[in-house]
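So, here come the structures, one by one.
You will see two complexes here that share chain A, one where it goes with chain B and one where it goes with chain C.
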Partner chain A sequence: MSYADFRLTDLEETLPAPFQRFVWFVFEWIPLLIAAGFWEFASGTFVPSAILPPPSEVAYVTWELLATGDVISHLQISLYRVGVGLALSISIGVLLGVGMARSDPVEDFFEVFLALIYPIPKAALVPLAILWLGVGTETAILIVFLACLLPIVLNSYNAAQNVDQNLIWSAQMMGMPSWKIPLKVVIPATIPSILTGIRQAIPIAFIALVSAELIASNEGVGFEILRYSEVGAYTQMFAVLVIISAAAFFAVRGYEWLERKVVRWT
Partner chain B sequence: MVEGHVTISNLEKVYESGDERTKAIDDLSLEVPSGEFLSVVGPSGCGKSTLLYLVAGFLEESTGTIAVDEQPIEGPGTDRGVVFQDYALFPWRTVMGNVTYGLEQDGVPKEQRRATAQEFIDMMDLDGFEDKYPKELSGGMKQRVALARTLAYDPKILLMDEPFGALDQPLRELLQDHLLEIWRDVEKTVMFITHDVEEAVYLSERVMIMTRHPGTKKTTIEIDVDRTQDREDIIMSDAYTETKNQVWQSLREETQPEAQL
Partner chain C sequence: MDVSNKLAVDRSDAINVGKSIYSLVIVLVLWEIVTQLGMVHYYFLPPLSDIIVRFYEMTLDGTLVHHGYLTVRRALVGLVIACVFGILVGVLSARNRVASWFWDPIIEVGYPVPVIALVPVFLFWFGTGDLAKIILVAIGCFWPVAINVRNATRDVDENLIWSARMMGTSDRQLLRKVIVPASAPGIISGIQIALPISLIITFVFEMVAGGGGLGHIEIQGVRSFDSVQVYATLIAIMILGFILDRALRLIRFRILSWT
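Coming up: the complex of A and B.
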């Protein structure tokens, strides 16, 4: 449950629309402000500020990193890796999920395989990936791809298994040949769940990205974290963390916005 | 040759799951002459929906035959159109996209299929909603879209599975009258599944009452009501009331077997 679910009914009805949105906004960000307040207070009192720099300082350094452009090129590389990894996992994951749901041989072939790779932390595959693909972009993409594949496969698999039988029958009674059903009925009917799967995969993509870049990269935001922490620049390290978390946050929000615009019917 | 004549002979349907065999339909024979409006009522779980889906070709009969115009059916076909209780509209298509669906499968050119669809959209008072998606419509509107969608590709036989069951009373009456009007215009055979005795007697020329599970034909009752009258006059007429009671009585023997004693 998000804070947006809290009912502010009375307030909502008395306030004009722009103010309502402002109230929502404030309520959404209050927990973050409280946490930041505690953190600011703790830093320098309970915890030495050298190892826990206060948020005000982190915020300033974040702005500095962005303004000077130091982190931008790393961010671009990382976003490219996330984008390609996600795109691969969507295209392969949807086919695999729908295929497994609608064809027994495909299901038998992949079911155990997927069940076995599901619990493996994808970061554990990084050393192996380095062996195959070397240090750099390909390895990061592979790890992002593997981590995102499962939520997408599972969402499309479940949805394609539970497609409303009446929809399939409707198409058949109107003359659609059986071989067209998967493409023309099953996949469209599965789209809402596929979109949910993608939404779930976006934060996972960032997690996988950073775990790959921490080990197997000389560039990217994950590498930046490692680099700053090795020289003891913890404020900078925190700043990169903030940037990663903001990037993932806006990726999800942007995706949700796009989803509403493009897929009007869900 | 007459069209849309349904012949069901010694139909039996057994569901098998693992070792369990459940007989849903037991030795059912029925003729539905071309152009007849036949309602099917029966206790819940008697297999009336199964019967409809067998005629639609969605399910396969275990024994017996179903023929349309003396041709045994083989799976679903465009000569039979089903209207589902839950509408079963394609959520990713607009009203227009849903109504043109059957014509599209048939290869009708775009302009022509839009023109035909528009006719049925207007008939259902849905003009202005052509570009809406199903989720933007109310239940009653969805069911009208579903009806338009099925009528648009012109099946000879309409198979309706409690189509108005999820709607409230006034809306249900409105759509019932709409359906009657259409049925008079388009001359289609209708098999109408319902659990509502009044609905069955009000709409149809004949009602088939099914027995308790496993379902078979108990009896059929002709309904001799002058349908040129308004709803009020039909509801008030003796013929309607008597037939309704007769159907109700017959159904009650099935739903409450102890009442026979």
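Coming up: the complex of A and C.
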């Protein structure tokens, strides 16, 4: 039912393969051009271009910001925050998830806290983080960490609980000491779900990052967006938005690519 | 561990209840002792009793109720608008080739945009009132709803459709009687993903722009160095999030009782 049926069959027979792929690519992305064209047309006619800058100008300013390097340092700070927050939530979340699935005391201890954090939208914790850590990198890392923790814990918990019991029995039968079993059997068997959890967490991490930086930061991409809009430089603001969206997009894509490369046994 | 099912009252076994909340009790008692002894600065961690008293006061004088109402109204109206458009676009692009050709790349590109970053510009376009918040919530929630609806509708078992067609179902009926019910679980999952996003956008908007709401009084607590207010508001936010999450689960359970 998708546009796979749409293939221009005649072209397929007559044209060389790379060119075909190019035509196909262009055809696939025409709607975006239409949307951008409409936007280009609307800004300046329906809405003043000072309020809604046309995409061509945004694209130019994006290039300019990247070329002059104005935004690079902020982007680095933001990516650092996302990276550290994600790394923390992966390491703690996997430990917690696997631990809770395999051991009842651990589950009894931590479950109630997770149940309490679960219904809070994590952005609402930013003021609390400001109280404890002030305005800056630590606050953003804490929010990213908290926002990503639950999907990772839930995924690794469910997977660790559903590990094939035969695997564990075989390992035991072959004389593996019981302390080694979580490390050698349970975690490898849960890795596919953990990776899914991480993929779910990446877009969440970027939302958490931007909300933390909008409210409590003096640097970083979210702060740049706020600063540009406060001085009325909307073209620059949209350009920064394009950059952070591209970063989020390529983070997910790059992660999926890496996952396919690294996880070969599934 | 169904984290979210934990607070339900279907655990009759008192021992199990004790087991599952003993850690919370320990931490809360420790919190009270440590703060009463003055081991932590009052600003970072006020005593639990103070927070509960403040929460009680703020509920009684209607502050929390009023601001909670503002927040819920913005989040839910935005969410409903997003659901209407998201379901429409999702179903269309799963069932219609032209719509699929048009919407697929747009959804693909629009989904990863952190819409929350548009808060400052919406503030400028639409002011600090409800309108700006509702529109931004609608835009932010549109993408997850649309993507989930599209995937769910696309994966409807072709056999169902063929059987219905064979028995003479018209196109319109097919949509209403077969496709939408068959993809309902996916549609509701999309709404469940969008619910926290709607709350996040509302809170962040309220924190940055003001205009009332729980997010606004929470950040106000930070600005006036009144940490008790921050904690009390957080309790209200927790309760609010819990109620909304529960309500959506209940709806899901009601609608999908046949699965």
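Operating definition for what follows: the second predicted complex is superposed on the first by the 232 of 266 C-alpha atoms of A that agree within 3 Å, B and C clash if a C-alpha of one lies under 4 Å from a C-alpha of the other, contacts with A are read in each partner's own complex, and residues count from 1 in each chain.
What we mean here is this: a contact is a pair of C-beta atoms (placed from the backbone, for glycine too) under 8 Å apart; a residue touches a chain by one contact, two chains touch by 3 or more.
Since the structure is predicted, the reported quantities are computational estimates derived from the model, not experimental observations.
In the superposed pair of complexes, A:191 makes contact with chain B only, with no contact to chain C.
Looking at the shared chain after the overlay, A:225 reaches chain C, while chain B stays out of its contact range. Of the two partner chains, chain C is the only one touched by A:126; chain B is not.
Of the two partner chains placed by superposition, only chain B is touched by A:264; chain C is not. Of the two partners chain B and chain C, more residues of chain A are touched by C. In the superposition on chain A, A:157 makes contact with chain C only, while chain B stays out of contact range. Applying the stated contact rule after C-alpha superposition, one finds that A:169 touches chain B and leaves chain C untouched. Touch criterion met: A:211 reaches chain C, while chain B stays clear of it.
Of the two partner chains placed by superposition, only chain C is touched by A:244; chain B is not.
Taken together, the two complexes place no residue of chain A in contact with both chain B and chain C. Residue ranges of chain A in contact with chain C, taken from their complex: 1-3, 5-6, 28-29, 31-32, 34-35, 51, 100-101, 107-116, 118-128, 130-132, 150, 154, 157, 203, 206-207, 209-211, 214-215, 221-222, 225-226, 229-230, 232, 234, 237-238, 240-241, 244-245, 248-249, 252. Across the complex, chain B meets chain A through its residues 53, 56-58, 75-78, 80-82, 84, 86, 88, 90-93, 101-102, 105-106, 133-135, 149, 153, 155.
Partner chain A is touched in their complex by these residues of chain C: 1, 3-4, 6-7, 19-24, 27, 43-44, 94-95, 97, 100-106, 109, 111-114, 116-121, 123-125, 154, 196-197, 199-200, 203-204, 207-208, 214-215, 218-219, 221-222, 227, 230-231, 234, 237-238, 241-242, 244-245. Note for the complex: chain A touches chain B at residues 164, 166-167, 169-176, 185, 188-189, 191, 264-266.
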